[in-house]
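Both complexes shown next keep chain A, but they swap its partner, so chain B is in the first and chain C is in the second.
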Partner chain A sequence: MSEHRSDERANGIDDAQHDVVVVGAGIAGSLVAKRLTQAGFSVLVLEAGPATAAAFDDYSNHVQAFYAATSKGPESAWPPAAGVPQPDTADIRTGDGYFVQAGPLPYGSTYTRLQGGSTLHWLGVSLRMLPEDFQLQSSYGVGRDWPLDYWALEPFYGEAEHEIGVAADVVDQTHLGLEFAPGYDYPMHRIPPSYSDRLLAAAVDGMTVNLGEDQLALKVRNYPAARNSMPRGDYRPVGAVDQRRAGQGDGHGLARDLGQRCAGNTACTPICPIQAKYNAGKTLAQADGRTLQVVAQAVASKIQLDPVTGEVRGIEYQRYDDPASARHTVHVARGRVYVLAAHAIENAKLMLASGLGSASGMLGRNLMDHPSIYGWGLASHPVGPYRGPLSTSGIDDLRGGPFRARHAALRVDVGNDGWRAPTGAPDSTVTDAVANRGLFGTALREHLRSTLSRHVRFSLNVEQLPSRSNRVSIDPRYVDLLGNPRPVINYDIDEYTLAGMAAAKRVYQEVFRRAGIKDCTDPEQGVWFPSVAYQGDTLHYHGMGHFAGTHVMGNDPAQSVVDTDQRCWEHRNLFLVGSGSFPTMGTSNPTLTLAALALRTARHLAKELST
Partner chain B sequence: MTSRRDLFIDLSVELTGYSRVQLLGTGMSERYLQALDEVLPDGMVDEFLATSAALPTMTIDAILRSETWGPVTRNIMILWYCGRWTALPDSWRAVHGTRPADSNHVISADSYQAGLQWVAAGAHPAGARQQGFGAWTVAPEEAAS
Partner chain C sequence: MTTSHHLNGDSMPAITTLDELYAYLDSAMQLEHATIPPYLTALYSIRPGTNSDAYHVLRVTVVEEMLHLTLVANLLNAVGGTPDLTVAGFVPDYPAYLPDGERDFQVSCARFSRESLGTFLEIERPRQAPDEQSRLIDRGPARRGRLGSAPGNNQLQYYSIGEFYQEISRGLHYLHDLLGDALFCGDPTRQVGSEYFYSGGGAIVPVSDLRSAEAAIDLICEQGEGFGGGIFDSEGELAHYYRFQQLVLGRYYQERDSRDHPSGPHIEVDWDAAYPIKQNAHLADYPADSEVAAAAIAFNTSYAGFLDLLTRAYGGRPELLLDAVTEMFRLRDQMTRLIHNPIPGLDGVNAAPTFEVSVHLAGVAS
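This part shows the complex of A and B:
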């Protein structure tokens, strides 16, 4: 199937030496590529998947695919190439997808292997981690401490918020010890809260819940979102990407009149049709094209080492022309430094497949997620769901506090999307009315009007600590069509997190009662999700797509895979960037933090490459 | 003579609770009739439309209770509200046979967007017919009525 090519010019791919070879055109790789090309360095980006999100016409085909898809899951708009499989939510139940689920519990999250990565279908929540999240071990005696503190990352958070384009007001965010640089504010004003957010806040703000011995007051807050809103100062929102192939388009990488404001498509996941929500293609389109080379449909398969120095001397990759076929040719990319930005799972997988990074015994371990609980109910009056961004507010007060010595912290996401995620509504509501209730005609229409308009959904995202036994590994028995290993996932949820999940369930029930929302949560009737028994109860959990921890960062080479610059301890011209570097994740969605880390690494690299 | 489409629309008005104008306004009536033709055995659609043409002496309740027409009728409601076809029950297939088109599927990108469920919810199809920046802050029409 494959053939080695020494003369790679036949494919238009030269074997020139680049300053930097980046593996992965997701957010981390794109930020590194943008920064380093702008600093004058030559950067080659290898992207495993097709680049079908880069031209707007092609992107629109993905929108059409979503419309026509039978299942509207996160992956529905983004089918992978044959040789570049990706995990799919539907496979979690069957257990026969890309991941080899080795148990004891199924890992519930997925990601996308296309140019743009999982930012193509992320929700866009861009919370900073709390200062206390960086010192969990010293503060509460659990998890690990980061080798960096919040203030070491704070300037890069600000930089990342401007690169991504985050809409929020600092005044809403300064709580739980979160501080911002003096005079700082987000590049865009907050996304306006939904009508239902305001009703909920009126009912809930000020109520208290008990977590262990802590009594905590709740407040519904707008959260920072990577969605275009009204700009602050001279910031210009970045709209849709429209990189045409040679000879097409007007030569601009970004559409100038589309996506500059969120228009309420209520489809952040799986696809924002106008790209008002950030995706990594926007960053890549802003890189300096004079020194950037992007090769899509190029799967990094092996890292080559210099046996004398132990440094990386090349990355083998498999280039395919036809996304429907496994036919490919093998090439080698060469640079002065190498940056793996392929995703927490794919970074670890590539290292393992290359026989690297084994010294600390930590590679692939400490895999985390935010196992999350759904609660859904009926408000007493219409609240206007199925409109606006999928969510605009949350309850953040349970993200931090002394209770974390005993159980996991949690964050409440308050949906604008009705019961869509947990039950498949509105379709499932229609089916129930027709098939189970026997309704038709005006009675059917009236039933749907009165119920759909009152749908409320919470998702409670629970912190998970690093554990050595939660890991990705490889096994020669399990390979994909290109012969690359499929990730073998061992995953469990420990007592600390289970207790947090149980608390999450109690919290949404108390909030529903307070707000007069009738609890209709019934996992047996909803979309299938994995479950785990805890203290006589069954907790159904869904993944948040928040992979972290597979190449943990630390100060001690015996206990970590990368240092604070995300440089691999064992191979000094190799960097592993992304949420794989996180020692812990707290309750923040990881994208903003991994972006801040990538920008910090890019700054370090720009300095190092100049000397 | 009343056309097939008129018969189909007349029945659909009774089933969905939406008016003839609203149903025609979805632009999907011909496509849905075609979907029925693709799924049901030859001649069965016309037989079904003839049955429904006997309304009001024949009641919707009676049609829904019919082992033959009940599952088809419920599917037509789901078709209008969700733009998708639902595979008929095995018991129905055992009697009437199976066509390849009789599977769970969205009819088309257009039918997804044309689903009446979004109208009933006072909303818009997710990913389409955007309402504009900040529209979600406004009380739904439902709240005012």
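This part shows the complex of A and C:
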């Protein structure tokens, strides 16, 4: 079953010297590889997982895996290789997965270890962070300040939005102090709001809620999405990737008309069947093939240092041919510069496993997520759920404001996917109707028609601040099949975030009331999620897959792991890119910001390598 | 084939008036559309999870036929005509008859099979008439569902689809010589542009002058039959004929291959993995009051509505093509509902959409 697609490339690679060695072919690594190959530098990308998402027929197999899976979780389309395990939502309850959950609370998020990374399964929300998010400490006395401000990153946000292909209208996005470069707009028009978005907006826009002493007016807004839409100007939406293996021709154009527009397949997570949603394979396919080498099924296992200079002189990696087996050979990749782009957890893990980056004591610490609350209810009239992109709008007004001095900010994600995520509907609705209500025939159909069509779901994503005790570490007792350490996760949710979660719960209840939506939220009856007690209440939370903070960026080597260029303070030819560099995360999904940071680092590297 | 314009030919073009040009372009729309029901029927007859490559070869091709349909609508709008996909007889009563050189052949709505692929090859086959005089063939008495014939004289059919477009190209040049740029008097807002029609297989061409008109015609011809006699079109994509041929020959073409000799990887085609549907199904084949009859009527109603939607989209409201995407999902679901279910009383024969969109099914020839 396995294709030994990279054998010919892997052989002899030990001798090759590249300008840049990148670990990880996710979005950050792919952006760095694209930019630096286009600048004429030779780049070797090591990808731990198989490259199956890059060829159209293999991608189709992933779609089939999703169709066939009984549980449609984020991982259902993306099974990992045996030697490259990944966290799985189903393991959170058992506590027995890739992550060693050391508590006190389970960490609720997962990621994908395949070429393309977690962009294979992400939802595609591409919000910029707010200007105030970068100065949380100086503005509100909590968290940390970034060593960069919003305007230092603004041009790279624009660049990232064009690289990813983000659909939005600037006019919808200028609030909470968010400003755009003059004349700027997104590369594609916004994805149209869903019918339920419009109904909700009609009911909710202008209502106010109180957070602390702040009274905040709400508005349902379209959010920027990495999902193809009508292009602006001469931008050309990038559709499905179809890179064939050597000797397989040009791809025969089987995918050439796929994915130039979102067609509303309602499967964004875990897999867009037509690749209208961005995945990092699109970026990697645009790298200059003349100076790019990608070696998939190559697990970086140890960073080698030059004992004299302290610089990195090589990265050991384990190359396996058969994804079902742990058999592998060990190689060393050499370059002038090394870029770890393997994910917040994997970057930290590789550093720890190599005994590096310990000087500040910050490596692996400050692990964050967006612990999130589901609220679900029944609208009084049909709202047309279970169609279109899983989500097209949100309520952003609670992402910023003085209340952040007291509790966490939050963002309301408005679903188009009914109760699927919190209850397993529509399947569970059918089961309930048949098994509990004894319905069949016409009565069953009528019941399903009248209830499913009114399903409303909110997900309220709550900010989490950096904390030293929330961390990833390694322990020689816990290793995977290749002998690499499994991440040991210590995780808790502090009072600041818990108060935000409690506020989030209150907010959705108020919005439901206002919109005439009957609150049906009942975590005991829904899909299992971890929970935490707070002020006499039980808050059930789910992870958003938003890992951040494990190699924090700063101006002070004693307090951070990387500088503003994401260069490791201790090893000057080593860069750690990704959301691990975030000092704080605000309420934005981290991908756009980490892409902007990666592009900023790539620009810096292109300059440095030329001199 | 490529369109080398017979500008120096001695004979008068068949198109010498605007009305004649409209009639030809109406026929061209009908012709482009006529390939879609057979391709869709074969496509959706493939059992889910099987024949992935064949599925996508068919899917890409049918998407390009939709592009061709829209390109012809742009041509017709550009010269002041009015595309109408709702006229009686626009959808042929299958089997329909298409020209293929000295003969014509039947095109059926049938399951995916070697035989249907053989027909598709004939549809897309490159054919250039040996000389000017052979471009119109007298096929004898008019037969219903004959496509690619000379408007006004159904007995005379073009040598091939390529020659049919050749005639349109000649007519465009003739009328342009006569009228100048006034030929392109259409309302530019009726042109469908890339914001409303997208396909990686070739960008939509808004038509505003002779050059863009030629570009639209060239794209239609090249995508079907290849560029300059080669197997690829000018964008380097394999032409339809050779895409289909790969499935029949069981091998992919790769760069530098010559026609009829693909040397790329083998393609596995499971010819049995298709639903055994009724060929050229008609409502009359289904027991009255049966569920398949109701489903077939529902599909036909949707399809008629869809053609009406396209007519409005091509009639100055291109943004309606956004709604057309949703409608195409609906059509797919309605088609598979028929194809996946047996016809009561016919042992082991499944239903299929009948594409009978109108009670006035007099056929093209009437």
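As a convention for this text, the second predicted complex is superposed on the first by the 591 of 611 C-alpha atoms of A that agree within 3 Å, B and C clash if a C-alpha of one lies under 4 Å from a C-alpha of the other, contacts with A are read in each partner's own complex, and residues count from 1 in each chain.
The criterion applied here is as follows: a residue touches a chain if its C-beta (ideal position, glycine included) is under 8 Å from a C-beta of that chain, and two chains touch if they have at least 3 such contacts.
Quick caveat, the model's predicted, so the values are computed rather than measured.
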Query = Given the touch rule stated above, what does A:263 touch, chain B (first), chain C (second), both, or neither?
reply = both
Inquiry  = With both complexes overlaid on chain A, does A:446 touch chain B (first), chain C (second), both or neither?
reply    = first
Task = Considering only touches as defined above, state whether A:180 meets chain B (first), chain C (second), both or neither.
result = neither
Request  = Based on the superposed arrangement, let me know which partner A:416 touches: chain B (first), chain C (second), both, or neither?
outcome  = first
Ask   = Looking at the overlay, what does A:255 touch: chain B (first), chain C (second), both, or neither?
value = second
Request  = Kindly classify A:478 by the partners it touches after superposition: chain B alone (first), chain C alone (second), both, or neither?
outcome  = neither
Request  = Tell me which of chain B and chain C touches more residues of chain A.
outcome  = B
Ask   = Does the superposition put A:64 against chain B (first), chain C (second), both, or neither?
value = both
Ask   = If you stack the two complexes on chain A, which partner ends up touching A:237: first (chain B), second (chain C), both, or neither?
value = second
Ask   = Both chain B and chain C touch chain A; at which residues?
value = 64, 261, 263-264
Key: In the complex with chain A, residue positions of chain C that touch it   = 49, 52-53, 56-57, 59-60, 63-64, 194-196, 198-201, 236-238, 243, 246, 252-255, 264-265, 325-326, 329
Ask   = Which positions of chain A touch chain B when the two form their complex?
value = 63-64, 66-70, 72, 192-195, 198, 229, 261-267, 271, 273-274, 381-389, 392, 416-418, 420, 426-427, 429-431, 434-435, 438, 440-446, 448-449, 452-453
Ask   = Touching chain C in the complex: which residues of chain A?
value = 56-57, 60, 64, 230-231, 237, 239, 247-250, 252-258, 260-261, 263-264
Residue ranges of chain B in contact with chain A within the complex = 14-18, 60, 64, 73-74, 77-78, 81-82, 84, 86, 104-106, 108-110, 112-113, 115-118, 120-124, 126-128, 130-140, 142-143
